[in-house]
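In order of appearance the chains are A, B, C and D, and numbering begins at 1 in each one.
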Amino acid sequence: MSRQPATTAAGDELVQRYQGIRRHSLALAEGLSAEDCQLQSIPEASPVKWHLAHTSWFFETFILLRLPTPVAAFNPAYAVLFNSYYVGIGPRHARPQRGLLSRPSLEQVLAYREHVDRHLSELLADNQLGADALALVELGLNHEQQHQELLLTDLKHHFSCNPLLPAWRPSGPDPAMPEHNRHAPRRLPLPGGLVEVGHTGAGFCYDNETPRHRVWLEPFALASRNVTNVEYLEFMLDGGYQRPELWLSDGWDAVCEGGWQAPLYWQHGDEGWQVFTLHGPMAMEPAATLSHVSFYEADAFARWAGARLPTEAEWEHAATRSTEVEGLHDEVWQWCNSAYLPYPGFRPAAGAVGEYNGKFMINQMVLRGGSLATPPGHSRPSYRNFFPPWARWQFSGIRLAWDA
Amino acid sequence: MSRQPATTAAGDELVQRYQGIRRHSLALAEGLSAEDCQLQSIPEASPVKWHLAHTSWFFETFILLRLPTPVAAFNPAYAVLFNSYYVGIGPRHARPQRGLLSRPSLEQVLAYREHVDRHLSELLADNQLGADALALVELGLNHEQQHQELLLTDLKHHFSCNPLLPAWRPSGPDPAMPEHNRHAPRRLPLPGGLVEVGHTGAGFCYDNETPRHRVWLEPFALASRNVTNVEYLEFMLDGGYQRPELWLSDGWDAVCEGGWQAPLYWQHGDEGWQVFTLHGPMAMEPAATLSHVSFYEADAFARWAGARLPTEAEWEHAATRSTEVEGLHDEVWQWCNSAYLPYPGFRPAAGAVGEYNGKFMINQMVLRGGSLATPPGHSRPSYRNFFPPWARWQFSGIRLAWDA
Amino acid sequence: MSRQPATTAAGDELVQRYQGIRRHSLALAEGLSAEDCQLQSIPEASPVKWHLAHTSWFFETFILLRLPTPVAAFNPAYAVLFNSYYVGIGPRHARPQRGLLSRPSLEQVLAYREHVDRHLSELLADNQLGADALALVELGLNHEQQHQELLLTDLKHHFSCNPLLPAWRPSGPDPAMPEHNRHAPRRLPLPGGLVEVGHTGAGFCYDNETPRHRVWLEPFALASRNVTNVEYLEFMLDGGYQRPELWLSDGWDAVCEGGWQAPLYWQHGDEGWQVFTLHGPMAMEPAATLSHVSFYEADAFARWAGARLPTEAEWEHAATRSTEVEGLHDEVWQWCNSAYLPYPGFRPAAGAVGEYNGKFMINQMVLRGGSLATPPGHSRPSYRNFFPPWARWQFSGIRLAWDA
Amino acid sequence: MSRQPATTAAGDELVQRYQGIRRHSLALAEGLSAEDCQLQSIPEASPVKWHLAHTSWFFETFILLRLPTPVAAFNPAYAVLFNSYYVGIGPRHARPQRGLLSRPSLEQVLAYREHVDRHLSELLADNQLGADALALVELGLNHEQQHQELLLTDLKHHFSCNPLLPAWRPSGPDPAMPEHNRHAPRRLPLPGGLVEVGHTGAGFCYDNETPRHRVWLEPFALASRNVTNVEYLEFMLDGGYQRPELWLSDGWDAVCEGGWQAPLYWQHGDEGWQVFTLHGPMAMEPAATLSHVSFYEADAFARWAGARLPTEAEWEHAATRSTEVEGLHDEVWQWCNSAYLPYPGFRPAAGAVGEYNGKFMINQMVLRGGSLATPPGHSRPSYRNFFPPWARWQFSGIRLAWDA
């Protein structure tokens, strides 16, 4: 799946990178109890313990168990317990029941991680892996980073279901209040034309970012920054959640059935709007970057604002074109008005890892950018994140676009 | 919504066209009892009586009630009963309960149609309508034709739920067995490049076909004809419905939850495969054009066949480019691997008819072409039909494409 | 199932009775269109046409097709279409899909009725039926009468779903305003002791009314009449639907999930409470007997009133004991705080008609009495009606009881 | 609720009893991890941690917080978190979300228990509680014992959802294999007549066991022991789960919808039937007492066996009448064909504890006896256990009865 495996990296350097990324997962779980790590509040959000185990399963399954002389399975039962959705690998424990696995304990999962890390570190240090295996290591590390963000978004949802509203840390990755949020956004004009999108260069990418291909874009403009809480509040105060004409038909159904009146995690109380964050409940910060809205809300807000959402090609083109377009990546994932579909000429990666992306190319919308919870260096302009249009538990916000 | 209203048509000619199209709806319902016309088997499929009333409501609401001197409402209650989804017009009777309207009777609905037709005919004959109203007449006639096809696809589903398996007519619009189905399909090569798609020319189109715009296409090939029953049967016999690796993830879920083993309306019995049609059950005809598959099935079949589905831009470009590309329109609607989204620069038509198309641009896939149930002249190369990926009760089939 | 078949009745008399009851079903459907007769608004409520056909199926299946020389089936497909729940007879068309049977037409169903009636009349007139068959005729006639009431309660529900609120007749069987409703109810004291309940005497009864058996009753009192609308309104105005402490736990869940605020068919508008009836919407009549409440509501009302619901044994004992206890039968069915369970020594009737009652003896509560929609002479003090505690579409009301 | 509070017990004795019962709850949780204690597999089954907290909440809420000088709340948030269903006390954390409470931790819950125990022990030792409070202590202890059994039945279900099939202990309370299971059961004849049932004597009872009252019983016979696995297997081999005529209508629906083919926890594998127990999976033991069947299955089995289920009055009368009727209590709870309804003259206990039993008297069937998981001395002949007819996760079995 990695198009340019990092085979030239010296073993030591790679070991350090491997261990650094793996350690970061543990660092995220630090301070959480075994009970915290087992929570599962909705089928879509997995327990922290499961994230820690599944990412290890990935390395074990695709590398350790497939070596010419395979490493003995740490526990054969894990093959089923921690397989997420790889039908090609075998049966899977049902996703909605991940929170029912008190066994293995968190301690055993940590031992599993150590086992995997010990073997991987050795293999990497001794340069024992061929190009294919190294490409899978690279994929596994990116996979681990994806799960680091999911670990936090999922945990946030789990904790939000506890009336005690626990905090993960005294301070956390949300909310973002960059300086540019204090000023009105500018419209960055882009001339369009026949442009190229999709991954390029020597670094890692997922198969869904390929092949690089040409796209014709009409001239357009992109907002210089993401929508803030106070801007979204205006929409709410203008009856945004009460006016069906602003919404897609399915979006309006979601508003009515879900009783949506505000972004996820907003709660109105005696002292105004409160927002639940990873460091506990806090007063809604007007200048903070808006987060936790669905595609439906993003689309309705854009319509209300006399704007629209960008397509993913527009977004990517803008992100790569000029230094003036900055700060696209680092606050919230930004909903695009693009369905998550294969690029022209797309071929899934060979083998079971071909299930990584391709089979989800339906019923989802693309998000671009990244968030405060995205590990530094993980995302890139060609990165395609994707979620169903109703999803709100990710760090998902809004960047507006306009026809020229 | 019509971009080029037919204002130059002589009144008489337009009256005849109006009456011809309106009469055709009645002709489709001929031979059906009032009981048949009231059936509603699923929320998505409306009763024949409702189709007959709703299409009349459309003309009454958007023209007769908005004349400088409005025609008195035939029955004020119909404003709610026969409004489909126009929030801008007012409240609506719930869609799943359309089959519960024994009143008004079919007879009263036919009187409603006569009332509307008498007034419209007069207005048209006397050239009393301005350009805007004439554009709405044109829209109403195209709307009527859309419902003529829905009337048949819906009726087919309603009848399929009766163990007596009633026939609409001794012979009907399905299945199609064009001569070219007897031969292997050819791959028609298309060079791609920067092409234009979207409606062009003086005729009517829906707002969703506009604006015409440029799209870059890589070289590709399109099958010279649609997939046949026997070709799909091969896929079935090769375990098509038992092999998750052939399916999108959501598609496989649909297979499992719906217990899908064959296209809708196929039933295996002692004498092999039977297919329920509008003229009753009949033996599955191997050379007939395959119909009643979902996007999921179309996609899985294409994957199995080492091909893919075309994008809507590819399809449209091919359909307009060369005389060699023939027969695209007239057998079944063809699933495209394109989500139903707005074209660059899309603006919904002004007023309540702006709800006609735009608000449904999410969670649906595009179909192109037309079917034996599509009124002649109704479809065109730029025509965008759309249904959710799980829908199977339309005359929806498969045309394969390949990368060059 | 009949314990004392009416074999001694002269043939002519029986023919007349048979024809009278059968004609009454038709009389109830008079004035309804074929479309009206096809309506099915909820799975629990069947179309009028289905009632007319099913009652005929009962006579055909259990008598005509089982004669030494069976009468040829009117239409073999009806065996499945109009079998309600007799597993012993064979497969059944799914209950929620009864409204999807536009074929056979109402006309054909009426012909079916004529066919059955012609043959039955002949057999009865000529005294050709043995005791077993005559007992089944008796059962069939009582079955027909049960469906006469269901036909009306079901039709009422179907019509209530049409915003036009159609009327069955200019005047109908609801509501009841007997003279005694103008006065406060009295508490009729009953001494209790070892009493007998269950059917006795020579007349027909269902198997579920047998065997007659002894029950010990503590002294109690029964209200001299049923609860009226205005009495129930007091409960509502006292916060009846907002106070969980008045309700059974499952009842409170039903209130919350169903959004119950009043009895079924009550609607509050500009001019106060309106009630939908079989003769259309009308102003709520304070002195009318309350109807269309669930067991949950009956139970909560009784608790609020410092009373309780009677047991079925108490009710039956009171109904048979003294002339002072009058008017128990003829206004609404009265919820008892008795689960529908077999009497000591109960044996279901032999053969497929043994499914008539016994297999429903779980998850239902008993109602006693009768309603304005019950055919005269059909009910009796030992008659056990039964519905789930949430059911509200029957003519079900409340009679209070008290411990002595 | 206790009719005869144990006020005469010397303080010391009561302290010891209190501490003994409370310690037993902890003993049951011994060896379980904090993760194990948080599992919740279905809404009906609570986490072990929640049981430990809720039982403490009961003592705190009804005694410590209501003292003339109330003990300060251990944590005010617990009022909501650990209130089960006492609407009179205030809001409650939603039952299906009890498994989402990683906070408070198990450790904090244990500290909560210590806090409650310290205060209660002092109060009891110093004879500081009046009769009402002592009655509530008695109720709280019986409540604790009820939850001790639920803790085990719930844990068993939670563990059964983990493919690793964890064991609670090397040996556990199931299954029972008393000597009498080796022999055919006898039919113990009971003459019936006017008998008394309901609680009597000086000991504790729940309000639902009162008042003691007279019931008329026809002569009947009761099996001398409960049904065994091998006896139930005969029913299965005779097509028990495939023959609708053996089942109540709702029971047959449960079989079809739930795909029931055997009792809960039975699994057929290569080596025959395996049964999941609290000490892990083991081979099905033919002579063991059958457990984990629903009322529906008990009823169908009885019908197949030419017998019936006893009524609760029959069961209680038999259990108290003669020394020959022994062993009724101690193996499995036995489904009775009696709906859980109030006894004649029943009055719920005063105050919020009146919600303990009365509001659940609908839609449930009575079970009598006790199980190996019932704390010794907790049950008694007049004890009324109750669950919905579909419930299978309790230690529920079958004792047959016959009409004389």
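Basically, a residue touches a chain if its C-beta (ideal position, glycine included) is under 8 Å from a C-beta of that chain, and two chains touch if they have at least 3 such contacts.
Protein names from UniProt, one per chain: A, B, C, D = Ergothioneine biosynthesis protein EgtB.
Just so it is clear, the model here is predicted, and its values are computed rather than measured.
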Length of the shortest touching-chain route, subunit A through to subunit C
2
Label of the chain whose CA centroid is most distant from the centroid of subunit C
A
How many angstrom between the C-alpha centroids of subunit D and subunit A?
46
CA centre of subunit C versus CA centre of subunit D: separation in Å?
37
Length of the line joining the C-alpha centres of subunit B and subunit D, rounded to whole Å
59
Can you tell me, using the touch rule above, whether these chains form a line, ring, star, complete graph or other shape?
ring
In their complex, what parts of subunit D are in touch with subunit C?
85, 87-88, 194, 213-218, 244-245, 247-252, 295-296, 299, 311, 337-339, 341-342, 344-345, 359-363, 389, 403
Subunit D touches which residues of subunit A in the complex?
33-36, 38-39, 41, 77, 80-81, 93, 97, 99-106, 158, 161-164, 166
